[in-house]
Every structure is written in C-alpha cells, then in structure tokens.
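Here's the structure we're looking at; comments come further down.
Residue numbering begins at 1 within each chain, and the chains themselves are lettered A, B, C, D and E in the order written.
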C-alpha cells in the first residue's frame, strides 16, 4: 500500500516537473526546474528499486547537467552584455 | 497497483516524451530546447525501469540481503545506467554547439537562424 | 516555413504519436509483474560469477560490450566538446577577478572537498557489491573538485586541475577498458571474457574482472567530467571573443 | 504497513510537492531556495526509504545527496548571482524557512532511525549524514541571503 | 578468426584512446600516421573476416554463449552483409584519413590527434552498429556514431554554418535515438529479450502481431529512418552534409546514412519478419511510400541547388529513397541489387565530395554560380567530377548502374522511378561540371529574394587557398571512383553479394545461426549484366546529359513550382522536430492499416 502510494506520488512529481521544465522558457530558470526533475527521477528510481540508477541520476541530473546549462547561459549572456 | 493507476508509469513515460517534443518544437531558445531534449530522454528511463519493476521485490544487489529474496529486473537497470550517460554526453555536445551558434550568429533563437535553407 | 504549418504538423504528429503509444500501451504487461526471463537469468549468472551487485555484473561482465560503447560515447563526447569549445584564433583569455567569498563558505568548501572525494572513492570501490560503481562514483569525484570553484574561485580550481593530466587519465581509462577486453582473447576465451578467478561472494576481491573494469570506468568518468566542465567553465568565465554578432 | 514508508510518502507529498510548486514559478531566488529545500527533503526521504525497505545499502543515496545537494545549490547561487542580487533584503522568502526546517526535520528523521538501527557503523553513517545536512543547510542559507 | 570480430570495433577505439592520451606529446604527422594505421588494421580485420569465414560468423562477447537459445550475453553477427558494411566503412575511413592528411590548417592546440581520434571513434561506432546482433547494443553504437558525428560536423567552429548544421543533426538524431530506445523498451516488455534473434523467436512464439508490436516497430525504425534520412525524417541531412568538413561529408553520405537503411532492414528481417512480426504487406507499403517520397524529394531538391555540397547531400536523400524502395520489394534479387548499389554509391558519392573539397580549397567557393568557368584549367578534376556524375546517373559499367539494373529487374514499374531519379541527380552534377570546368553557357544571374543556400561563403578547409592540386586528395578521389567501377566489373563481387543477400533476408536462417549454431547457406545465383539492364543504365545516363545540356544554356524553366517544397527546408530546428513527430504519426498510419 505504502509502496503503491510512493510510486504514484513520485510518478506524479516527475510528470509535473517535466511539464514545468518544458513550460519554463527562460533557460536559467529551466535549469532549476530540470534539477528538480533530476531529483524526482532519482527518487522514482529508488522506489522502483533501482538505487544504482538513482545514484547516477543524482550526479548527472541534479548536478552536472544543470551546471552545464547554467554555464552556457552565462556565456551567452556575457556576450550579449559586451555587445550591448 | 491495480485499476487505472496501473497504467500510470507507462503514461508518465509517454507524457515525458510528448512534452519534451512539444517544448523542442516550440522553443525560442536553443538552450531551452536542449533542456527539453533531456526531458524527452527521461521518458526512456521511466519506461525501462517500469518494465523491469516487480511488485514486492527489492533491488538485485545482494550485499545486505540474502540471495533468495525476489528482486526486480537488473537488466533494465543496466540499460538505464548506460542511457543516462548517453543523455548527459549528448546534452554536453549540444550545449557546446549552442555556445558556438551564439558566437557565429549572435543569437540562440532558432527563428533568427536563417543561413541554411532551400 | 511559417509557424502555422509547424503548429499543424506538430499537432498532428503529437496526436498520432500519442495514439500509437496508447495503443501500444494496451499490450504492455501489468506494471509490477513477475515475468522477467532475462532478468532472472542475469541474476543467476551474476551469482555464479560471485558478483553481489547484479547490475555491475550485467554492466561489466554479461553485457560489458554495451559499457565499452557507453564509455566510448562519453570519451568521444568529451573529445568532441574539447574540439568544439576550443579557443579559436580570434579569442583571448581574460583572467577573472578573484572572487570575494565569505569565510564560512570558504571553510565549508575546503572541508567538504576531501569528504566528497572519499565518498566518491567509496562509491567506486564498492561497485561490485553495493549500489554504485565507476560511473556514479566518478561523477561524485569530479563534482568534488568543483567545490573549489564555489568555495573559492575559478583560479583556485585551475591550480589543482592540470588538464593535460586529466586528459591522459581519460584516454588511459578508455584504453584500459579496451585492453582488459583483449585480455580475454589472450587467455584463449572471447573478447571481454571474465577470465580472472571469481573470488569470494560479497568481498572486495570478488567478481573477477568486474572491479578492474569498474575502476577503469571510474578513472575515465572522473577525468572526463572534469575535462568536460573545464571547457564549459573556460568558455563561461575566461574566453572572450572579439567577434560582433554575425549580421 | 510500514511506518517508515508511510513517513517517506508523506514527506514526498507534503514536502517535495510544494518545493516543485515553488521551484516552477517566481523569481530565480525563490526557485533556488525551493530546489535547495528539495535536496534536503530528498536526502531525508532516502534515509526513510532505506529503513523502510530494510536495505542499509540504500543509505549511500542519502550520503551522496547530502554533499551534492548543497554543492549544486552553491553553484546556482554563484552562477545566478546577478538575478539573485535583485532579491529583497534577507534573501528570497523560501530561504528563511530552510534553517528551521533543517533544525526540526533532520533530527526528527535521523534520531528515530538511529534508535531503530542501534549502535554500529550504520548509525555512524546516519550521524555523519545528519551533520553534513546541517552544515550544508547553514552554508546555503547564508549564501542565498547574501547573494 | 571469428573470435577476433570484436577487434574490428576495439582497434579503432584503442587508437582513439591512445591518440588522446598521448596527444600532447606527439607530432601531428605521427598522430595522423597512427590514426591511418588503426583504421587500416580494422579494415584488414574486416576484409580478412569476409574472405576467411563462410556463412554467418557468430561470436558472443565475454563468451556468454546461450544454452537452449537463452543467454545473457551480447552477440556479434558477422554475416556477409554486416561484415561487408564493416569492411566498406573501414576502407572508406582509411581513404578519408588519407584524404585529410594535413588537411586542416592547424589542429586544436595540444590535440594533434583530435581529428583522427574522432574519425576512429566514428568508425568504431559504425562497425559496431553493422556487426551487433543485439538491439540495445545497436542503440549504443547508434549513439556513438551520432555523438561523434555531431562533433565532426561542427568541427570548424570559427564559421557560423557548421555549428548550426551540427546542432540540427544532433537534435534530430538524438530524438530519433530516444524513440528507438522506447521501441526497444516495448519489445523488452513483451519478450524479455534484447538480442535480435531472441526477440524475433519470442515474438514468433507469441503468435500474431498486436498494437504493441506495431508500436515497437514504428518507434524502433523511427530512429533508424532518421539516420537513413528518409522523408520526412531527412531534414537534418542537407544541413549537416552541406557544412561538415569535406572528409566528414564523405563518411556521412558514403556509409552512415546507408547504415540507417541497413538498420531498418536488419531489424525487420531479424525481429519483425516472422509470423509474430509485422505483416509483409504493411512493411512493404511503409517502405515504398517513404522510399518513393525520399527519391522524388531528393531529386527535385538536388536539381535546385547551387551549393555543391548541398546538391550532393540531396542526391544522397534521393538515392537513399531508391535503396528503401529496393528493400521494400523484399526479394533476394532486389536486396543484392541494393547492396551493390550501396557499394557503388559509396565510392561515387565520396569521390564527388572529395572533388568538391578540392574545389573549395583551390577556389575558395562551392557555389555553382561563383565557380562558373573558373575550373577551366583543371581538366583532370573536371573529368573526375563528370565521371562521378555519370556514375551517379547509372552509366554502365559502374557499380551504381549494376545495382540499379538488378533492382529494376524486379518489377516493371521500377524503371519509371529509378531512371528519372538517377538521371536528375546525375544531371545536376553534370550541369555543374559543364559550368565550372568548361565554362559552358552564360554566367548564371543572381535571383534575389530566392530562398536558397549559396556556397560562396564557405571557407577553404586548408588554411589558405591551394595553388596546386595535392596528390593525396586527387589519388583518393581516383581510387574511390575506381572502386565504384570495380563493383560493376568484378563478377565475383556480384556473386558474393547474391549469397549475402539471400542469407540476409532469411529470418529463420538468422535465428538458427545465432541461437542454435545451425548454419545453412542458402543457394543463390549471382545476377549479372543483362541487355535491358545495360539499356536502362545507358538511358538514364543519356537522360542526365540531356537534362544537363539545356540547363547549362539556361533553357529550362527556373522551377518556381518547387518553392513550397524548398520553404519546408527552413533550417529551423523546431520545424524539423515537428516533421519528425509527424513522421512517427505517418509511420503509425502506414503500418497499422
């Protein structure tokens, strides 16, 4: 019972986070939502009894990918500012 | 899980795929589009792990449980792991290309990229 | 093409794809079912090979060729990113100003760096036993180094990050994986065969070649992620071009 | 019925859900604060799950979260510094919540778990995670409030 | 020998790893020599395996052989077609590395071996994809060639266009790859297997196909069709091939796209061709519609181009369409024809790209209008280019013509598609050859306001303009064209192809060879040139000339009616993504009803 509830809740969380990530059109803010999606996926994998995958997802989805996105955004903004 | 909830994992996978595609197709910012691509990709993880799930079973890692307990499918987990690496690296490559698109074209709005057509 | 045509194509495509998925979904087995033939065989094979973490056994033994491909993708993407984000002729580097970081943050970064490194090494080392492995641990190790960036500034990170060395390790990790596969052939078996003694179940020295391949992957992933992030950081912080917008 | 899993479910619905809500709207500062809160709650969630499933090895997830989570937040703070600069004095509203939540929720989760596992290596691991969480929360709150 | 199959993939990987690890310490010449040596070693292994083994070479990675048809390992299947493609790929990679000897002005600082290393990784991805007998492993290698392909396409980062083309390539291929993986997931849910043979056997045992099998098929082939650039999944191809460095375009057009076609056929014959798979009529209909659409779109768009590399890229779309049409017939004779056609096309197309690259480096342009008459002195280059055009049109005895003739024999209506399409693509090349190298006809006037990609902004890839023709470049182009000629003139090759095709199309034979180690060699008569085949080849070559001559004199209408089609090729990632999902919808409709 608690198992079912956990799976259902995390699935809903992931689905909602994905929708939010797509609809957040500003990439810097999207990076934050994507990080939340990554955390949600890590939790989902854990309740689906895949801790190995959850660990990967934690590292990649919650840290590395948002970092790369933010760095790209920063690079783009820096050029904009210089071009004025 | 029974009843309509039983379809929820699969429905979530489909939703992730379609939502990501929608985002990519309507995106006005290439960085945002790359983010949407990673949403699309997460549908594959969800589908794979949902397929391999087994009710009342635990992870196929026997460091702290006896080898007789029922476990979920390890193969899909290995596939999902590989898939995550693929996703991260593709994201990195595409973002690197976006940086260069910005340098070359001075924009990251796909509507303003008009060099290749016809 | 006008936005209108795109919207129609997109709407039709999404509707069609959704219909396909719904229809296909009706044929899927019930969520949480008991039938996993391949999974059951993989668990049995893993136990025969004395590998407690079945996922590691699948990744580094039973389906080790997939992981070779996966590592090559990582390796190729990092190389690709290095090439794509290289400093071109019309670009120059601007040293960033040293950042003023609050003392608490500085201490936190300095204190957490070794802790995180240790956790990363632990995750790599226990890959054949408990959840984790070369990839997961490698990412943690790479992230640990970047605590220097948040705890101090980019110059501090650059000082402990000899990129040449990391590239050497990156390449060596990939080469080690390929060569360990070849060892199977030399031993008279097949490529990537697990030819080492399998050891005792649930100890550090179990799983035959699994821990070795795992370590090779750990080396490669840690250094690959460092190199990857280094190039993004360089672009975001240091490299400046003289180019105006194209048009 | 497994009390630990029920607690995890409650934490997911009552804790992570609102974090997502707060993280998908509003200013950048509010979003980062929500993301930071989410890592904290996720870490506690992992601890509860490990106990609920009877799998001590799942604790590694919490261990990784409690170091990567704050690190991620600090990266956000550093790279979004300009946007966070526009926040009102004292940081975004969510940031104020973090310290009290940490101070209440972490012991409320870790101590019962310690009781359940009993003394030993597992308990030491739990305490380390608790301490790291507390430190992380303190540092990230400060960073969020002072830009 | 069979055990060594994985080395075809491993040798280039090792080469790439060493090139990166030691990249800072070796000189460029050493790095490039080492790259060539690794590629050649892999090529030798592939050719050796092709010559020394008979039938289907099967080897299990890690020695995880199945018991009673059930196993846990990954199988590499070196059947004739797979090995042949691996050999073709490797040989082409050697040619490309030789062509690009000292090609780029300077490699990235501290990375003398970056370009050869990337090409080696690309080779490993393509060979692995050709040899694997496992669905997920195929996905991994698919992604490997994709990821490296994006980086190679965007290699010249100083220019705006390559990075845009590479980005489009990356988005669409990744999207396709994820669709494929969803398909693999669905199949796994049904069968609990990942091996192609195992999956096929389980599907057959489960009885007739249902919506899940159809859905899995559609999603799985979506990725492969994106790679194969079939309409409406093709939009990335012209953008990527136009801007990629010339040696990379040679590989992309020469083999990578064809591997997508191979993947569709391979997955179909092994997994879906049995009683539990997709009904033959549905598969035929799907492939025919896509094939014909690609052939026509490619031909029309090819004719309209003035950017030489874009012109060649669209001709690849057209020829891919012809390959798909040939495979749709699902007969051994047609498959054999397609195999020969692919071989001939690889040589021809790579040679044409090679010559175009030389033009770019010599004259600083690949624009038909700007180059008009400037190639008058370079008669050898002109001759090569014109011969390439004739080969593309299907002039006997080139391999393209033999392949085309063998396919056309399979049905009466086929020449109505094959002859015009190959004539138009060949004619477009001949038109360019006449204008550039002979200076024939009036100088084309600009048509302002027209939506098109001109080729006058492309920068030479060798630093400065070349003052003479570099010997390695010319030699490679000549050898490639000679290879295309050899395909049509060596009877042994056609015989071998016939056997290969018969085994390739044998669903039950593949399953037995992989799972039961039960080898049978289906007998197959090698077809050879026939009177009608030669006549049709001559006809399309003549048509190509007949099209080119008035085009050079500006006597043909300007093709304003193609405007809407051209506007669809908008260079907009969002548009292309929309078309890709629309394509999934189209595929569903075609396969379902």
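Structural remarks
Assume a residue touches a chain if its C-beta (ideal position, glycine included) is under 8 Å from a C-beta of that chain, and two chains touch if they have at least 3 such contacts.
Just so we're on the same page, UniProt names per chain: A = MrpA C-terminal/MbhD domain-containing protein; B = Dehydrogenase; D = Multisubunit sodium/proton antiporter MrpF subunit.
Quantities reported herein were computed from a predicted structural model and do not represent experimental measurements.
With steps allowed only between chains in touch, the distance from chain B (Dehydrogenase) over to chain E comes to 1. When the partners of chain D are compared with those of chain E, the chains appearing in both lists are B, C. Looking at chain C and chain D, the chains in contact with each of them are A, B.
Each chain's centre was taken as the mean of its CA atoms, and the one lying most distant from chain B (Dehydrogenase) is E. Of all chain pairs, the one linked by the largest number of contacting C-beta pairs is C-E. Among the other chains, the CA centroid farthest from that of chain C is the one of E.
Averaged C-alpha coordinates put the centre of chain A at 10 Å from the centre of chain B (Dehydrogenase). Measuring from the averaged C-alpha position of chain B (Dehydrogenase) to that of chain C gives a distance of 15 Å. Computed centre separation for the pair chain C/chain E is 30 angstrom, with centres defined by C-alpha atoms. Between the Cα centres of chain B (Dehydrogenase) and chain D there is a gap of 24 Å. Along chain D, residues 53, 55, 57-58, 60-61, 64, 68, 71, 75, 79 each make contact with two or more other chains.
The set of chain C residues touching two or more other chains comprises 6, 10, 13-14, 17, 21, 25, 28-29, 36, 38-39, 42, 53, 55, 58, 63, 66, 69-70, 73, 76-77, 80-81, 84-85, 123, 130-132, 135-136, 140, 143, 146, 228, 232, 235-236, 241, 244-246. Residue positions 136, 140, 143, 147, 150-151, 154, 157-158, 160, 163, 186, 188-189, 194, 567, 570, 572, 574-575, 577-578, 581 of chain E each touch two or more of the other chains. By the definition of touch given earlier, these chain pairs are in contact: A-B, A-C, A-D, B-C, B-D, B-E, C-D, C-E. For chain B (Dehydrogenase) in complex with chain E, the touching residues are 13, 17, 21, 24-27, 30, 33, 37, 40-41, 43-44, 47-48, 51, 75-76, 79, 82-83, 86, 89-90, 93-94, 97-98, 100-101, 103-105, 110-111, 113-118.
Those residues of chain D whose C-beta lies close enough to touch chain C in the complex are 57-58, 60-61, 63-64, 67-68, 70-71, 74-75, 77-79, 132, 135-136, 138-139, 142-143, 146. Against chain A, the residues of chain D that register as touching in their complex are 1-2, 5-6, 8-9, 12-13, 16-17, 19-20, 23-24, 28, 31-32, 34-35, 38-39, 42, 45-46, 49, 52-53, 55, 57-58, 60-61, 64-65, 68-69, 71-72, 75-76, 79-80, 83.
Chain C contributes residues 6, 10, 13-14, 17-18, 21-22, 25, 28-34, 36, 38-39, 42-43, 46-47, 52-55, 57-59, 63, 66-67, 69-70, 73-74, 76-78, 80-81, 84-85, 126, 129-131, 135, 201-202, 228, 231-232, 235, 241, 243-247 to its touches with chain B (Dehydrogenase) in the complex. Remark: chain C residues 1, 5-7, 9-10, 12-17, 19-21, 23-29, 35-39, 41-42, 45, 58, 61-66, 68-70, 72-73, 75-77, 79-90, 164, 167-168, 170-172, 174-175, 178-179, 181-182, 184-185, 189-194, 246 touch chain E in the complex.
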